[in-house]
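Dropping the structures in below, format is structure tokens.
After this come two complexes, each holding subunit A, first together with subunit B and then together with subunit C.
Moving on, here comes the complex of A and B:
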């Protein structure tokens, strides 16, 4: 059945609108990519001559190098800690009712609403109050608090979608709770665990505002180093490192999408 | 039905409860204590030139009534509202297309494009907008080379520029929240309306849009809170001309070393965030209720 002309016009307009909005999202990445390959230090469009010198600069810049390694340490520690804390608690939220459950859950989800600068300042003051130095531990604790809601959410959604009859079957065949957890529950939760960890890792590596408050020169992560660079210099070195960031992040997410199905993890899949 | 009736009597009836809750309790406690530390600092006297704090006082909160600070609070709330509403308007079509598109490639493309900026962090995105909006930046170069304008438009350091960059930061999370709501609407409702003769506009306005109410409320409030949290965007795109609470907190803490006042600003900011979210929720309650059917 042919749809009336007015419907087709509207569907075309709808599509054009979606393309325009996607264009708005992509525009800065596109512009930064063009700027990063420009030979001249001054931003100009379109570029006269192409060059890789800004990428060379970015990779060899000392603060970016140390920021990268610091960020890696913080990311690995905080993402695995958050995965451990978040997955365990998601299991408890899904299965049990007990006193104080809502309070703990509320506190752990609060960093979604509490501004990052407030969390950063709070951690900084807390460290100062107990006389702790501004070490990696402080940055890691701060990041665990910030990324935990995302782990909780993705593991919790996976737990909701898990067929508990499989666990019952294993238990009725004599498997102890520990064995059921290790051989049935955990393998079934893998997509939620992996994507929760990935979210935590990417968010931690890219976290800026709270890190600005809790890091010192020695523990400075990459986004903080980049921020300091932007404040001091105006050349496209920053564009080059941004392009690397964008490409790596998009690639990781695309891989996660094809292997784990991000739509399901983010709960945006149509239920039919 | 009890899942654990079949387990031997020696096994705990609620396995792993304590073991799995303990790490969460510790993390929640650290967070709670850090918030209490801020609260405690906010009512302490600042000793100029020292990082130690003096006795208890309410002077920090009284000091916030100065027009200079009051203006920043108003500007922050205004920017948050503006950003939340624009993100909602731009996010809806995208969320709708993401959920309803039948083409798998299109779906994945929209999803990745939308989600990537969410994970990129504020610095990269803010820097990108400086390159786009600057006086020698992309927009001005294009407009000047095509002869549309003779002198560059001032986009950096303006509310317009800051809002554009802020919308870019909040759009992904709004899209995800809206998409989750739209995905849970039973398509049969729309088909029913269609079969009764409603055109697509009418189906959308009377069925889809109201049923996605909870997503709209969640998207608006989250966008508001996230914008409130923005620091690099107002700092770099606003360039001191457009200031938000976050910029004040940083300046007072790290330029003036007045941590008690910075803490008081955080407390006031947090209270303002929760009050704003409460007001938004309350005034949008009819919208939230419709969706529950």
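Moving on, here comes the complex of A and C:
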């Protein structure tokens, strides 16, 4: 029994659309990855001869080395700081009613609306006032502000999904508040905390616009170092460092997946 | 006053009896009120629950029964009044120090722990020694027929098993009061009945004082030693299931427990504790108490259970009615009858299958008699309860 022609056309068109969308998502990364293996000193596609020399170049380029190292420090410091601050705020917003709650929530989510360069510029001006314009602290504080909304949302959603009767049951069984937090609340919030941290870490490591303002040569992170490189050279080193970037990020995600399951981490599965 | 239902034992004149009653008190609420914003969730609740008693809080949603339970558990603090558990004032004692065990409707088992760890939670929190924890957990799991399930996670269990675990977890700490918050409503019908029997049996065997919250009247009637019927944040009546059914204190209790019909009647006179009511061409006697303040000659509403109507020959009948529907129920027949002279709505009459056998079909004119037992009347047009 043949389906009507229109159905078959629609079904084919649907599949084609999905393939096209996936293609648009994956193609840029694919092109860059392939270009990074080009033997010639050109950013071209497709490459005539393959070589690893640009990877070698990228890994040994001093600014990339220090940028990677700086980015790692900034990422770890800012993501954990944002995790603590964001989780605390999420808890307060979820559990307590008070005046000005909406204002606080709005302010905490504001970095989603304010352009990153505005945040960076503002931070730079403020830091210059107190002579902190050349410090790591400035970069870290700036990143905390930028990634905070993501941590906050992630933890907040997990808190919403947490059945408070579990905490009540624990309390009635004789557990004091600290014990309830340690044995019930935190373990059940773990997926939200991990996903919040993960988003914060990835965003911080990738952040460029605000970082451009708040970093100096000594504190520049990898994306800023890449920008500075591309202003002077146009060889496949850029493509190679991009591939390294993707590999690092993917490794982070894979780790999270093996620990908790990606569905849980990305909050698309019910955390229980 | 309805706001302070009498507790017969405590009102006994002899001091000895009163002291004994106080000693036997497991839970007492003295004028406890709770407001959320402007709405009153619980209004001046007075309640005494004896040791080992199975007390049910029964009412529709929003009647304050869950608020009352949460106040006893210590999850909420009252705005007014005092709460005592085992004669100790606990109004300001936090939940973790009250030694109550609670079973929620969704059981609230810790999803990240296995059955044994769930059950051991309360013992561990109280610092019980490891070996003791192991024996007590094993004991309670055996009692709940859960031996062998120690390593399962809650999501690997059926609804009934989850409920057993929740019960085991609450009972293993030997609570002073066991709090059950609609624990059966998530179970399917057959399982519900068998769990009810089981819970009641365990409750009786352990002699644990129990407060059970439900909106299901048949569940309340079959399980409870006493029931507190609640409506709009108020406790309407506290009594045994039988007395609630036979002597409802007000219109709400009458309509919430069991079935019945309202007939328009007239208060003829009061005679001591009794009131004489004229209804149709008959007069009946009802308790005077619910009619406090009603003047003779006023209209009243007479409340009659379906089984208290009977067929009568038209000459002696209290009422004339026309059969609107008759529904065969096997051992009995439910008749719905229009009685234009005495009621706006159809009345509901229950006959045994044998009595109903002689009746012709719908539209038949019949004479209805009213039995003399367990009738109750309420003032007319009282504000809706």
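Assume the second predicted complex is superposed on the first by the 239 of 272 C-alpha atoms of A that agree within 3 Å, B and C clash if a C-alpha of one lies under 4 Å from a C-alpha of the other, contacts with A are read in each partner's own complex, and residues count from 1 in each chain.
Everything that follows uses one rule, which is that contacts are C-beta pairs under 8 Å (C-beta built on N, C-alpha and C of every residue); 3 or more make two chains touch, one makes a residue touch a chain.
Quick caveat, the model's predicted, so the values are computed rather than measured.
Visitor: With both complexes overlaid on chain A, does A:171 touch subunit B (first), subunit C (second), both or neither?
Guide: both
Visitor: Spot which of subunit B and subunit C makes contact with more residues of subunit A, would you?
Guide: B
Visitor: Report for A:73: first if it touches subunit B alone, second if subunit C alone, otherwise both or neither.
Guide: The answer is neither, since A:73 touches no partner chain.
Visitor: Could you tell me if A:188 is touching subunit B, subunit C, both of them or neither one (first, second, both, neither)?
Guide: second
Visitor: After the superposition on A, what does A:162 contact: first (subunit B), second (subunit C), both or neither?
Guide: neither
Visitor: Which holds for A:112: it touches subunit B only (first), subunit C only (second), both, or neither?
Guide: A:112 sits against subunit B, while subunit C stays out of touch.
Visitor: Contact-wise, after the overlay, does A:207 reach subunit B, subunit C, both or neither (first, second, both, neither)?
Guide: Only subunit B; A:207 stays clear of subunit C.
Visitor: Per the definitions at the top, what is the overlap between the subunit A residues touching subunit B and those touching subunit C?
Guide: Residues 168, 171-172, 176-177, 272, which sit in both footprints.
Visitor: Enumerate the contact residues on subunit C facing subunit A in the complex.
Guide: 73-75, 94-102, 104, 106, 108, 110-112, 121-122, 125-126, 155, 169-170, 173, 179
Visitor: Can you tell me which positions in subunit A touch subunit C when the two form their complex?
Guide: Touching subunit C from subunit A are residues 163, 165-166, 168-177, 179, 183-184, 187-188, 272.
Visitor: Could you please specify the touching residues of subunit A with respect to subunit B in the complex?
Guide: Touching subunit B: residues 6-7, 10-11, 14-15, 17-18, 21-22, 24-29, 31-32, 34-35, 42-45, 84-86, 88-89, 91-92, 95-96, 98, 103-104, 107-108, 110-119, 121-126, 128-129, 141, 144-145, 148, 164, 167-168, 171-172, 176-178, 181, 199, 202-203, 205-209, 212-213, 223, 226-227, 230-231, 238-239, 242, 245-246, 249-250, 253-254, 257-258, 262-263, 266-272 of subunit A.
Visitor: Using the touch definition from the top, list the residues of subunit B that touch subunit A in their complex.
Guide: These residues of subunit B touch subunit A: 3-4, 6-8, 11-12, 14-17, 19-21, 23-25, 27-28, 30-35, 37-38, 41, 51, 90, 93-95, 97-100, 107-108, 110-117, 119-125, 127-132, 134, 136-138, 141-142, 145, 168, 171-172, 176, 179-180, 183-184, 187, 199-201, 222, 225, 228-232, 236, 245-246, 249-250, 253, 259, 262-263, 266, 269-270, 273-274, 277.
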